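After this come two complexes, each holding chain A, first together with chain B and then together with chain C.
== the complex of A and B ==
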């Protein structure tokens, strides 16, 4: 790092200083907001709300066809005609560069009224007093449907946007059903060896042994592995160990309630040691890549693509990346999701984490802040195909079919929030539509699109496999639906922003975990060093973090 | 009031156009290199970007205390110095030797071809090279270990071996960068007066003796310059390289200041801490550069100003 991240940083900060005006020490105290007569009242004359926007690949493409599409689309027209709100986008940038661009804008204190942020930027804006306290505002202006969405979400995302009891952002509800862990296996390998998907960890070990030793791909070479694993070990969503550990009742990075209602950290519970010992055994037996300590997700993906790996733990999205690449190369590669096996005898519970995907922070200098809540209400009213009587297809649009106009798409919404469980419902509707052909299930254009893609896959077009494997009848949501029906979920008890000790001690502690766990798995240290790790974790600030988390809760 | 001597005035007038021509370069340097130095103040603050330098709370040396109290700081500091010191030495010795040897080659076509080939890895980023190295150094399928196995020895897992990892860093870094150094040193060799070689040839010196007694001393000022400049890098052990190659099993010997800053300062938005470490690095660098510059001025009579 010759020039240095730091140099870049100092530079951007210097710019920040140049433009930084006098700033408030603390956000203004929230005044009580009187309940309005009509939360849908149209502004006359219209008001202007400024924001910034992250352009998806779809919108970038749309801009080529219609250069003014960001100023004139189905949402901006709706905002203007129905709400009397004009949107003024200070800047737009391709989504890959968005976080960086916004960080620079934050450093320069050159911020719009509505600031879409990630979790870290959200915390920064709250700490520095930019974020407006909107507790009372939201209470006064949220529509019934908006409230219903929060309830469906179990208030998880609202709690993530709350600091010290005050709401500081409108969260984009993403829905934490998608946090669920799954076991993905090459079904064609299972069939070749005449085996069943494992329901216990012992069966998983047997399966891994068979995949390593019995040449499941039938190419006569000793080139297959038992279980794909990335060097990060946890929370990558692909080829990590979260699902494996959950089978033992161990929740890495999660917070659990003990019998007296206090929160305790998952990383230091005795179940972790049992799970680690098992992984170490599998590594010792050669069932895990002996070189996993240097392999990141991209490297492990080469293994699933080349057909060396037939088992990984992962989340619902991995058909799109990297499994589709394997399908493109080998049409027989038949990855399927299965419920997590169990090591304890009782059904495994998968951990659900946070649900907010983006935080719409309102600038404390914003005029008419209630306009932002109105924008949120409006989006939910027009978008929520499963719950809203006012839902209109043109606000969602349909990708790929060419039936709808390029400026009619949900991504243009300036403040968005999705239906918490919408992927499960989409899966359910798609299945019903495919089974019955009844058009009532395909009112939502997405359902039709999914079934068209799945049909194309069945006709032999492998490029559509990922849609089939993601939302198809036997896809991950069939498993996730089962988790919910059988009570096989557990909510992470702490999903809020980092406490001060987490920020200060977190890096050292996560380094400690990575070092200890990797060494235990590779056999460089015995599993008994886990006890030592627990003691060190507590001493290096873990106890402070636990105390703070319990105080916040 | 003092008066400039007429001679100085004339010189100034003569040189004025030159100074003016320099101005377009000096202004950006002032804006982009000197003005941002004000940002050093962040190292003493709990910094909030929107409040700027003047309104963020001042915390004195708290950020420095925090860094010193992290459990691994001293180990990391040692790793950094150890790795970069070896890199600096190897990064001078190897290209110097290589350029002298290359200069001994008679055919200019061979010379130029070799020079271009060894220069090439310099243009690859560590992101790409790390992917290649992980494959090349793989104990199971990598080329290097295939060779080791052919010699009848046990394969070595270079990237996961605590003891070897720093040396892997040094060797791969030298391999990537020595082509660049070679270009500079070859240019230095080209600048040596041919008459020296001719007269030594008449005196009966062979090519090897010429290399020892003419080429090497002739290169020395440039070598001193490069060494001086690289001393400033003594706390830069190479973020891109380490970040792309390290893993938890080699943290103990492979974790360096920059990767620590990345994890502590940037991933957690602790800008004050990141700036504190940066300031510390800069202070150490300026001490080293200053000393080396003084030494090279004293003993090698090499001066910039």
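== the complex of A and C ==
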């Protein structure tokens, strides 16, 4: 009886394991791919490519108006008529739930031909042998424009999609220009106190003191803070400390080259200690929320909305959330982006990280894998309004023309890739168009749309403030453009997929950093504990990670 | 006298503790209700506590005209109606025979263990998914109902309730010529209404609140039940996806980050559960069995 039960148990375990996912094995060796006569050749008869799709808020709304919009839109029609490719979406899911749903599909090995993944899932598919080696395929089928996009991107995203010298995915380039850190300040508070935007960290501290003590909002109450800060400390893009640390030449989470060309981890450099000491001083002086250790982004956002916080470090997008809420609440709230101050005497360099937003992995069982490269070429050809002679407005979206066709929009593209520096160019064109009114700058429909929105803001419609603050003449791209012109950027030297030790030890080490840094900032430990932290970090796997990163490089 | 004082002190402290505990549970609900009834800018500024600030019903009128929300609501209603029916039918059909002794039902213990085994062991998420996929239930509302059709916990509860019904009742019914079928439907079920009502409530809450199976087993948001839909809107938006946004998208994003709208949808989604509790309350009365057996 017992033996029988055991057998049943073992049997079910075995079945569970058999179903638990694809066994790790080497992918098939890549065969050389002959260069095709015509990379744009249409399939006849048409072929079908299966994929899955993450639905944005826009598309979810469109589905309410046209339930079959995913099967019938400007892109699927183009794929069918121009390329002879039919798209079959196995499932669609709201973007917030995409990663979770895909993880289940990966575990069950229930995957389509083209699998859009994040960095972790990409590595998983490479390790398990699902991802096809497309090095030669990409070489043979990539269009001239596709290659040009890779060059504009400095090959960063291609390098992210490459493991052991083999390309395993078509990366979605979003451009790491948008990683840039900025200092956002309430300009109306500066004006009220007759102060200038800080250029050094000491001036930033003085500004914070003034914001705390001198009642910048003029309501007679002692209710303002010097600097908004979230409990996660780094890499939230809003109210984090990345920009502050960069002022000291410290790059949390980044990899830097030392003088002999070896890579070293930003978290353990001596500059980190100097920066941490300064933050701890600011905390002790009451310039930072004394309860920041329990405040997430949403809680800090309440502070920027109700007018308690007038200074945060953040990225280009924060006008949309949460600063717009503050503008709705108080029409005088005038948040402006400024270049990062410096603590070292030399101009601060902001760190540019990875450039791939999604990885389109091709299933090694896919028939006609070149169809995927064709889909990518096609997207770039029709979408890249700045570089492609073939770009068509209807593929991007006919906004700004007064009539909107719900099924004509760039988000329906099954394989996408954006123009690496497009936001800077959009900013530049919008500025020129607003200055001169010359129609040649507004050939791209988005420029016209931005100008209309900015005009509406100037007419007093505060809901359009975020567009103005994001792409307007004095917006973040005026600052970021300056970073590039003055050489104030530094490329993160390691942006590839996680190494084995990173996967294994990374979470524990991040936890260690979060605990140690929070203790140092709140004064529970002296800044000298940092040296102890460095030793612990190395011992707990940091040295292994450094060795592996240098080996990959 | 002293003892009385002691017990009065205990009562007071006990009462204070219970009121405090109840307030702890109630406050978040009241806060969500107040946020949903406030203006969105007051909610974003974190100024709403127990009372609504700048009273507004606009979030409700928006939520109630949002097609995807209503579709999901209907899916959930269907799921609950079907789910409770299947759950209760199978629970009763399984609990009645299992409530008999070993002598009355041959192999009764084997059956009981067969059910009980599934409470402790299960195949895990992926095998579960594969089975449902292989039997072709993906995208079918039955996929949300059949995998949990027999809730063993319900069976155990009802079985124990059936067991403590006085044997004399079913014996006298047997003598009067009733079969097991009539005894089950005409005696056991009516006498067990309090316990069945409780199980209906459990089943209702279970089906109403499940979201994960909807996410995994449905291939399109149009077939999502309400809580799967809610989970998507309550997740944080990825800021990296804000590139090249158009005015419509910005407007849409603002709706997504809009706390009053989220709160109103939370509240509408919770309303049926809140409404059903008092309705089922009357079945929880004791003493249904008083006087059924004399002597």
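Simple rule for what comes next: the second predicted complex is superposed on the first by the 523 of 553 C-alpha atoms of A that agree within 3 Å, B and C clash if a C-alpha of one lies under 4 Å from a C-alpha of the other, contacts with A are read in each partner's own complex, and residues count from 1 in each chain.
In the analysis below, contacts are C-beta pairs under 8 Å (C-beta built on N, C-alpha and C of every residue); 3 or more make two chains touch, one makes a residue touch a chain.
From a predicted model like this one, the values you see are computed outputs, not experimental measurements.
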{"item": "Contacts of A:299 with chain B and chain C, given as first, second, both or neither", "value": "both"}
{"item": "Partner chain in contact with A:164 - chain B first, chain C second, else both or neither", "value": "neither"}
{"item": "Partner chain in contact with A:222 - chain B first, chain C second, else both or neither", "value": "neither"}
{"item": "Chain B versus chain C as contact partner of A:418, first or second or both or neither", "value": "second"}
{"item": "First (chain B), second (chain C), both or neither touched by A:518", "value": "first"}
{"item": "First, second, both or neither for A:64, with chain B first and chain C second", "value": "second"}
{"item": "Partner chain(s) touched by A:97 [first = chain B, second = chain C, both, neither]", "value": "second"}
{"item": "Which of chain B and chain C A:128 touches, first, second, both or neither", "value": "first"}
{"item": "Touching partner for A:107 - first (chain B), second (chain C), both, neither", "value": "both"}
{"item": "Common interface residues of chain A - those touching chain B in one complex and chain C in the other", "value": "16, 20, 107-108, 299"}
{"item": "Residue ranges of chain A in contact with chain B within the complex", "value": "1-2, 4-7, 9-11, 13-14, 16-17, 20, 22-23, 25, 106-109, 111, 120, 123-125, 127-130, 231, 290-291, 293-295, 298-299, 498, 503-504, 506-508, 510-512, 514-515, 517-519, 522, 524, 540"}
{"item": "Residue ranges of chain B in contact with chain A within the complex", "value": "32, 35-40, 42, 47-55, 66, 70-72, 131, 134, 138-140, 157, 159-160, 233, 236, 238-240, 245, 247-249, 251-252, 255, 258, 260-264, 266-271, 274-275, 277-278"}
{"item": "Interfacial residue positions of chain C with respect to chain A in the complex", "value": "40-42, 44-47, 66-68, 121, 123-127, 129-130, 133, 215-216, 219-222, 228, 231-233, 235-257"}
{"item": "Contacting residues of chain A [partner chain C, same complex]", "value": "12, 15-16, 19-21, 55-58, 60-61, 63-64, 67, 90-97, 100-101, 104, 107-108, 110, 174, 178, 237-238, 299, 301-302, 305-307, 315, 317, 320-322, 324-326, 328-329, 357, 397, 399, 404, 410, 418, 422-423, 426, 446, 449, 453, 463-464, 466-467"}
